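Multiple structures are listed underneath, in structure tokens.
Each of the next two complexes has chain A plus one other chain: chain B in the first, chain C in the second.
The block that comes next holds the complex of A and B.
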């Protein structure tokens, strides 16, 4: 079968009618939409297999009784799994823990990221090297980052406590204390992801139009006025985009918590993804775990939609 | 019309492919797949824990091949946390990848419930060697592979939670070495003295204890042992919670109190941390799986200690006797294997008297056979270790010191791990943690259909 992507055009009726010529000259034409669908089919099949199928399977499991003997969902149980999950204090606590992490970590990373980007934007010797060094945390695998930081923060063997000890502080139970464990998790996550925000912010800053600054300067605007009245408003779309991208990454928080704190002590750093993982793959409670995953998916979609709306409004406002 | 035909043909092809993918494994030949020949060897695959898979592949398999050169064995290592779900998928899948599966002590009921494991005393009996002596197994490790009256697995790495102690640190502190008669009260009295400054620089540099304290399913095994050594079980015979009482609170509190005598940061201790602390002479005692003995006291590459520095005994005694906790790795045969004869031959060899002596002497694996335990080990260091092991087996048998024997055991341990961690970090008192754990376990078992 040969495929033609030519679209019908004026005078096409003058072409020999299909089937009227010799057989060897016959061409099977799909037309533009058909060809487009043909080329999209592999991608669609992949998408359906790798995205839609897992989602629908998770939904199916969430409404079923998962038989461990057969290792597959059997029997429709309606909302039973969801009722159990909503009564599960561990799940509700993990949502709270995730909320605390997001509320602290995301603004912290945004502020630090943009502040560092401004510093890197100023001409000074060695900023190129520093900019390159900033990328290192981003290329370290999260599990490795969590494990390494766990060693660095160890009260007996870790270099952080050793340094604190030199000035008479400690030993500090960075991972053993519930509050400090959350602080540690946020610190590790910030260490890893702030460079990403720096990267986006630096690109945004470099793309700012120079003529606006020249006009502001000739109008006598000071540094702070320029920053508050020109730079930050112009950067709002970049900030909004960076925040949304970072949000989408942060809601998936799992590996750093697993490697650094294992969700502990107690539930202090048990983010919802880790809780679902443990429920599913350690306790083999696949029905409950699937219900939790579905609830989290819905919450994430709603919040992401909300964030996109705000982002669009901010872009339109400035 | 032609288009419809093409679509129908494509759909039929896809359907056939899917059917082929979902087809079940073919019937096994009468000889169980045979033991192979030089021209046509038999290959079997083993799913094991990554902690010892490489050791098995590099040292155990070549030794096995000296006797059975026509059975090629591949041992794949899987991280502990992934191994149970992977094995469950393996046993319930339509076509088997692995012929032999390994499981930790508490997983066996869950794996057996899938129906994917062979009963080793019935399904493969026709390939059982006449010299294979079932009766020689110590009942404690052998029981780890039993469920519902059947023997699904056979012990390949016997293990117990035992107490290691550093003789030098005990001597330095002027404290008598612990014995099987040492009680928890005596232990805590000694623990105060075992937190010491060994080099005289005015700073504490050695502590009394290192063990599991962090949020991990194996952490509760410490206080479960204390509970059991006081004659109380986690679940009663009707599978109802039996630890929500004074004994349960006392047991958990004992575990929590150990933290006072542990190094800074010990609340995050899992498996490696207490091991490292003990091997570097930082802790006087360690409650740990006995199988680490060789790496802790013998192998110079991994420890600063020598066999004469390290003692091994049962955990301090409660009112019902000394403590220990069973943690036996055992191996079974997948029902869908095409090579049951070769798989069983491999398992019989590694669990035979000959195989067990090889693994004991070369890899430091603990034996499960009475003849090995009572015999003279090739390595000098092993003799006192085997004595401690026998005492441990007896303690385990007497007070039923193991994790719950039900398919939901891992889920139960998860609940206990969380509540233990809350008590360790001060987020809950021992009483609150025990109450919460009891409530959650009751809820779990109820949801699984157990009368509560």
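The block that comes next holds the complex of A and C.
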């Protein structure tokens, strides 16, 4: 097969762009849209195979009976799996747990992140070093974070309870008490992710236009006035963007819950991803797991779309 | 430097402002130390004997041992798992970089019908929770006899890395001047030639920071690895989850800290070495859609 017989269309359909060197293209001048699709092909093939196909497969499993002997879905059962999981208190509980986690952890991390970014932004010799050090928690694998914090929060040997003991509090059952376990999970997550918000916020603060501040100063604006009236409004696009990125990470919450609390005690920290994982891969209830996953998928996509459009609007307004 | 923009703080005129400045700097240092403490704690535990770990009050200085790094590592086959993680993370990151930056380029620079929809779909796929993909991945991999193999894990990681790369690189390519490849194409270069000869070399910083992000994300991934591996291809996060589960029954603090330290250390060194690009990439990724 010689390269020269290839038409641009066929090339666009099949050949990954690396295969057809500059020479071919030079000779045939692939039309712009053709070349564009050629560039898209590797990503589209990968995503179609590994993302789109599994999603449809999940849908299919969610509407079928799963035969554990054949180890594949057999026969259409309609909404049976969905009816079952919607009556499953464990699943509903896990949705609630995930909701509580998201509603508390995300705003907390945003506020802390921007506050710390302001602290770190004071000009002095060590500013760059502090900012670099803030990278460190961010690259600690979540599963490691969960494990390490489990030690820190240990009721008997943990440093946190020892410190609390010094001021006469405790011993606190960080992992054993349902409410405190949720607090612990949010604490660990906040430790792991606040630095991410800090770094984005710090970059946003650095990029603020200096002349606006000159003008505000000459108009006699005070420090708080400047912060509330100028800085924060100017930072709204950065906040919106940081929130969306953080949201995209937080809805995938799994590792920290698994390593730190394993969803317990009871179901107190059983976030939905962990619940589905246990259902599918411990109890081998693939049908229910798939319908739960589909429900989560839909909720996530809808909420993300919603947040995305708000974020876009905020970014454009300022 | 844009440091002139530092708002709210930083005036040095009056004594009160000076005091405020010192207080702010002290607070900044304390907050940073508080955030670093768990990592320092982990590293210190990893060099301690059990008798020095399980004491009240906690010992700040104690006998140093490498036992946690030696005996347990052999037993839990940490080294091969480390190598697995490196192979999988590198493989997934490189594949995603190639596919993702080409798509990002097409979306940012080329005329294409349906580009908006395509781009929107790829970006939307960032919102797909991995839990919605794991059941079929497990079933198909099992059927094809592909469980516990590098390629399976690599392809699974591509699902979250490619959208990420497209997102970052699209923003990056948008920021490059159009004249770059126009000049090349007037000189007789094709689009593809212009991309590989002009755009890629000009974008190396952006690409390197994106690549590092991908490696880190793949390095610490747990869910897919947990489901798709069971022995030969087990990655470090899976091993750590196992040790953490054992730790619930008490005891394995030292080994857990040691494995944790070894996982974190290379990434920290890596991240600090390229922090400038990393922070820039992070900020761009968040703000430039």
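Note that the second predicted complex is superposed on the first by the 279 of 318 C-alpha atoms of A that agree within 3 Å, B and C clash if a C-alpha of one lies under 4 Å from a C-alpha of the other, contacts with A are read in each partner's own complex, and residues count from 1 in each chain.
In this section, a contact is a pair of C-beta atoms (placed from the backbone, for glycine too) under 8 Å apart; a residue touches a chain by one contact, two chains touch by 3 or more.
Computed from a prediction, not measured in an experiment: that's the story for all the values here.
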item: Which of chain B and chain C A:40 touches, first, second, both or neither; value: second
item: Which of chain B and chain C A:167 touches, first, second, both or neither; value: neither
item: First, second, both or neither for A:84, with chain B first and chain C second; value: first
item: First, second, both or neither for A:285, with chain B first and chain C second; value: first
item: More chain A residues in contact - chain B or chain C; value: C
item: Which of chain B and chain C A:71 touches, first, second, both or neither; value: both
item: Which of chain B and chain C A:262 touches, first, second, both or neither; value: both
item: Where chain A meets both chain C and chain B, residue numbers; value: 71-72, 150, 156, 262, 281
item: Residue ranges of chain B touching chain A (in the complex, touch as defined); value: 81-82, 84-85, 88-89, 91-93, 110, 113-115, 214-217, 263-268, 270, 273, 277, 282, 407, 410-411, 414, 418, 421-422, 424-428, 447
item: Of chain A, residues touching chain C in the complex; value: 17-18, 20-22, 25-26, 29-30, 32-33, 35-40, 42-44, 46-47, 49-51, 53-55, 57-58, 61, 71-72, 116, 118-124, 126, 130-152, 156-157, 159, 162, 191, 194-196, 199-200, 202-210, 213, 223, 226-227, 230-231, 237-238, 241-242, 244-245, 248, 251-252, 254-255, 258-260, 262, 272-273, 276-277, 280-281, 286, 289-290, 293-294, 296-297, 300-301, 304-305, 312, 315
item: Partner chain A, residues of chain C touching it in the complex; value: 2-10, 21, 24-25, 27-29, 31-32, 35-36, 38-39, 41-42, 45, 53-58, 95, 98-100, 102-103, 105-107, 110-113, 115, 118, 122, 124-140, 142-143, 155-156, 158-159, 162-163, 166, 188-193, 195-197, 216, 219-220, 222-223, 226-227, 236-237, 240-241, 243-245, 247-248, 253, 256-257, 260, 263-264, 267-268, 270-272, 275, 278-280, 282-283, 285-287, 289
item: Complex contacts: residues of chain A adjacent to chain B; value: 68-72, 84, 90, 150, 154-156, 158, 161, 171, 173, 175-178, 262-268, 278, 281-285
